[in-house]
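There are two complexes below, and they share chain A, which is joined by chain B in the first and by chain C in the second.
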Partner chain A sequence: MKIFQVALGILAAIGGFVDIGDLVFNVSAGATFGYELLWVVVIGVVGIIVYSEMCGRVAAVSGKAVFDAVRERLGFRTGLIALISAQVVNLMTLTAEVGGVAICLQLLSGLPYRWLILIAGIALALVVWITSFDWIERIFGYGGLCLLVFAVAAVKLHPGWGAVAHGFVPHVDTGSPLLYAYFAVGLLGAAMTPYEVYFYSSGAVEEQWGPKDLGLNKVNALIGYGLGGFLSFALMIVGGALFLGKGIEPEFLGSITLGAEVPLGQVGLLLALVGIVFAVGGAAIDTLFSGAYNLAQFLGWEWGRYRSPSGAPRFTLTWIVLLLLGLGAVMTGVDPVQLTEYAVIFSAVALPLTYIPILLVANDHAYMREYTNGRLANALGVLYLVVIVIISLTAVPLMILTNVGQN
Partner chain B sequence: MSRTIDLGLLLVDHQLLDSENRRCGNVDDLELEGGPGERLEVVAIVSGPGVWRRRAPLIGRLASWIGGGGTVRVPWEEVDQVAAHVKLRKRAETLGLGRGDDRLRPLIEKIPGADR
Partner chain C sequence: MRACAVGLLILALTGCNGGTVDRHALKRDAEKVASLATEGGLLADDVAKGSSTKYFARVHAEELSRAASDLSDALATRPTSPGIETDVRRLSRVAGKVSHHLQQLHLHPTSRAVARSLEQPLSDDADAADELSK
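For the complex of A and B:
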C-alpha cells in the first residue's frame, strides 16, 4: 500500500515537473543548438534534486518552510527584498502559465483567446476552491503524464543517437558562445524553478512530515524530479530533431506541439495539448499558492491549503488577489512564451536569496540535530551555491547581450 | 529549566504560535531592560507592522504603512517555549495577536464553501 502511494506520488511528480518554462527553454534550446545542451539539463535536474531534498528535510525536521527560513536568516530588510523579488517572478510565472493554458485551450477548441483566459481562470479558481489538494495533485499530475508523448515522439523522429549521447558530455563547441551561455542559464533556471521548492516545502509542513518521512522525501526528490528531467531531455531532442537548421524558432506553443504532431499525427497533437494543459495548469496552481505561502510565512500569518479558506483568511485573500492580478496581466495580451523567458531569467537572478537561507538552516545543528547536512549534501550544496550565484550574476547581462536569445 | 538562547538567531524573526498552535505573527522586535553594567533582561516580544519601519528604511516604511502600522507587545511571561517556533501561553485573541486574520474572516466566510 505504501509503495503504491509512493508510486502514485512519483507519477504525479513526473507529470508536474514540466511547466511552461521547461517547454519553452528545452524546445528552443534544441531548435538552436540541437542536442548540445543536454548536459546542462542534467546539471539543472541534479540541482533541483539537491535543493528540494534539503528543503523537504528542513521542513520535516524543523517545521519551517522556505520563507520562514528566509525571514530568520536574512532578517527583515534583506528578507523583504527576497520576498518582493520572489513575488514578482512568481506573478510573471503565474501569468505565463495561465496564458499557456489558454493558448492550448484555443488550439483545442478554436474559441477566442480572451474568452479562454476567462474560462481558464474560472476553472482554476473552482478547482482550487472545490477539490481537495490530494485530488488536485493527482488530476494535474496524471494529466501531465500525457506529455510522455514527447518521449515517444523523440524516438520516432530517429535522432542521431550518437549525437544525443555526445550532448550529455559537458562541452562548449559553438560559434556563438553568448547565445549558448544564455540558453544554458535559461535551462538551469527552468529546471531549478524556485516556486516548485516553495510549494514542496510548504506542502511538507502542511502534511506534518516528521523525521520518519525523510525516506519519502529522498524518493520524491530523486525519482520524481529525476524522471521529470527525462521529459526535459525528450523535449530538447524533439526540438533538435525537428527544428534545428530549419530556421524555425518555436516561439509559439503551437509549434512546440508540432514536435508530437509531425511524428505521431493527430493523436500525438491531441496528447501533447492535453498534457500541456494539465502540466501547465498544475504549475499555475503551484505558483498561485507559492505566492500566498511566501507572503504568509514571511509575515507570520496563518496559512495552509489543507485549512478551510476561512481558517486562514489573509492567505486565502492573497491567492485570490494573485489569481486576479495574473488573469488581468494575461488579458493585456502579453505573449506568454516571451513572458516565460523573462520569468525564467529573473527567477535565476533571485535564486540565491532563497537558496542560501535553506543551506544555512540545513546546517544548523540546533534545529536539524542528527539530520543536519552531511558531507555529501554540503559538498553538493556548496557546489550548487557556486552554480546558482554564477547564473544569478550572468542571467541579465546574457539576456541583454543576446537580445533575449534572438541572435 | 534554563538554557542559553541566542536572541538574534533563535528568537528574532521567528514564528509566533498561540496556545492552540495558531500562527499569529512573528517576533519582529524585543524589548530589553537594564542599563550599562546592569543585568539585561528580555521583558517583552514586540510584533506587528509598526516595527517594520525601524527595520528597513524605505521598503519597511512602505510595508508598515500598508500593514496599518500597529504593534502588539507580548510580555515575556506569556512565552511558553522557544524552539523552532515561539510558543505562547494564551490564545492569540487574548494577547491581541492575529487580528488581521480575525478582521478578514467574516468577509471570506461570505463566499460559499469557505468553511468546508
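For the complex of A and C:
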C-alpha cells in the first residue's frame, strides 16, 4: 500500500513538473539550438532535486517552511526584499499560467479568450476552495501526465539520436554565445523556479511531515523531479526536431502543441492541449498558494490549506486577492508567453534570496539535530549556490543584450 | 552598480534604435515572417490531411495571421536606413500576403481543399521572406 502511495505521488510529481516556463523555454531552446542545451536541463533538474530535498527535510525536522527561514535568517529588511521579489515573480507567473490555461481552453473550444480567462479563474477558485490538497495534487498531476505525448512525439519525429546524446555533454556554442547563455539561464530559471520550493516546503509542513517521512521526501524529490525532467528533454527534442530545420520560432502555445499534432495528428494535439491545461492549471494553483504561504509565514499569520478559511482568514484573503490580481493582469491582454519569459528571467534574479536561507537552516544543528546536511548535500548545495548567484547576476543583462532572446 | 545600470539602459535604448528599420532589424523581421509562413504551412498541411481540429486550426491560424498583419503594418510605415527601404516595403507586402492566406485558413478551418490550396502560397511567402533575410 505504501509503495502504491509513493508511486501515485511520483506520477503526480511527473505530471506536475512542467509549467508554462518549462514549456516556453524548452521548446524555444530546441527551436533555436536543437539539442545542444539538454545538458543545462540536467543541471537544472539536479539543482531542484538538491534544494527540494533540503527544504523538505528542513520542513519535516524543524517544522519551518521557506519564508519562516527567510525571515529568521535574513532579518526583516533583507527578508522583506526577498518577500517582495518573490511575490512579484509569483504574480507574474500566476498571470502567465492563468493566461496559458485560457489560451489552451480557447484552442480546445474556440470560445472567446476573455470569457475563458473568467472561466479559468472561477474554476481555479472553486478547486482551491472545495478540493482537498491530495485531490488537487492528483487531479492536476495525473492530468498533466498527458504531456507524455511529447515524449512519443519526440520519438516519432525521428531526431538524430547521436546529436541528442551529444546534447547531454556540456559544451558552449561559439556561434551565438550570448543567446546560448540567455537560453541556458532561462532553462535553469525555469527548472529551479522558486515557487516550487515554497510550495513543496509549505506542503510538507501542512501534511505534518516528521523525521519518519524523510525517505518519502527523498523519493519524491529524486524520482518525481528526476522523471519530470524527462518531459523537459522531450519538449526540447520536439523543438529541435520539428522547428529548428524549418526556421520556425514557436511564439505561441499553439505552436508548442503543433509539435504533438504534426507527428501524431488529432489525438496528439488533444492530449497536448489537455496536458497543458492540467499542468499549467496545477502550476497556477501552486503559485497562488505560494504567494499566500510566503506572506503569511513572513508576517507570522496563521496559514494553511488544511485550516478552515475562518481559521486562517488572512491567508485565505491573500490567495483570493492574488487570484483577482492575476485575473485582472491577464485581462489587460498581456501575452502570457512573453510574460513567462520575463517571469522566468526575474525569478532567476530572485533565486539566491530563496535558496541561501534554506542552505543555512539545513546546516543549523540546533534545528536539524542529526539531520543536518551531509557532505554531499553541502557540496552540491554550495556548488548550486554559485550557479544560482551567477545566473542571478547575468539574467537581466543577457535579457537586454539578446532583446529577450530575439537576437 | 549605478554605472552598470546606466550602461544597460543605454544598450536597451540603442537596441530600440528609435524605430528605424536597419539591416539587422530587416533580417530579423524577414526571419519572423518566414517563420509565420512556414508554421502556417505546417498547420495547413495538417488541416488538409484531417490531422487537426476545427477550433485549433481556426484559433491558431488567427493568432499567426494577426502576428503577420502587425508586422506588415509596422514595416509599411516605419522609417528605414538608407538603401533598404524597397526591401522593407517588399517584406511588408509579403507579411500582408501571409496574413491574408492564414486568414483564409481561419475562416475555413475544416476545408481540406482550402487548406491544400494554401500550402504552396504559404511556402512561396516563406521563400520570399527568406530571400529578404539574406
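Quick note on the criterion: the second predicted complex is superposed on the first by the 405 of 407 C-alpha atoms of A that agree within 3 Å, B and C clash if a C-alpha of one lies under 4 Å from a C-alpha of the other, contacts with A are read in each partner's own complex, and residues count from 1 in each chain.
Going forward, contacts are C-beta pairs under 8 Å (C-beta built on N, C-alpha and C of every residue); 3 or more make two chains touch, one makes a residue touch a chain.
These figures come from a predicted structure and were not determined experimentally.
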For A:Gly63 in the superposed arrangement: first (chain B), second (chain C), both or neither? first
For A:Trp115, select first, second, both or neither according to whether it touches chain B, chain C, the two together, or no partner. neither
Please indicate which partner A:Ile400 is in contact with in the superposed arrangement: first for chain B, second for chain C, both, or neither. second
I'd like to know which partner A:Trp161 touches here: chain B for first, chain C for second, both or neither. neither
Mind working out whether A:Trp135 is in touch with chain B, chain C, both or neither, as first, second, both or neither? neither
Once the shared chain is lined up, is A:Ala366 touching chain B (first), chain C (second), both, or neither of them? first
First, second, both or neither for A:Thr316, with chain B first and chain C second: first
Touching partner for A:Tyr306 - first (chain B), second (chain C), both, neither: neither
What is the contact status of A:Val262 with respect to chain B (first) and chain C (second): first, second, both, or neither? second
After superposition on chain A, the chain A residues reached by both chain B and chain C are none
Touch list for chain C against partner chain A, complex: 8, 11-12, 15, 24, 28, 31-32, 34-35, 38-39, 42-43, 46, 49-56, 58-60, 63-64, 67, 126, 130
Per the touch rule above, chain A residues touching chain B in the complex are 62-64, 68, 71-72, 75-77, 79-81, 84, 129-130, 296-297, 299-303, 308-314, 316-317, 366-367
Of all residues in chain B, which touch chain A in the complex? 9-10, 12-16, 22-26, 28, 47, 52, 55-56, 59-60, 63, 67, 84-85, 98, 100-102, 104-105, 107-109, 111, 113-116
Within their complex, state which residues of chain A touch chain C. 106-110, 246-252, 254-255, 257-258, 261-262, 265-266, 269-270, 273, 396-397, 400-401, 403, 406-407
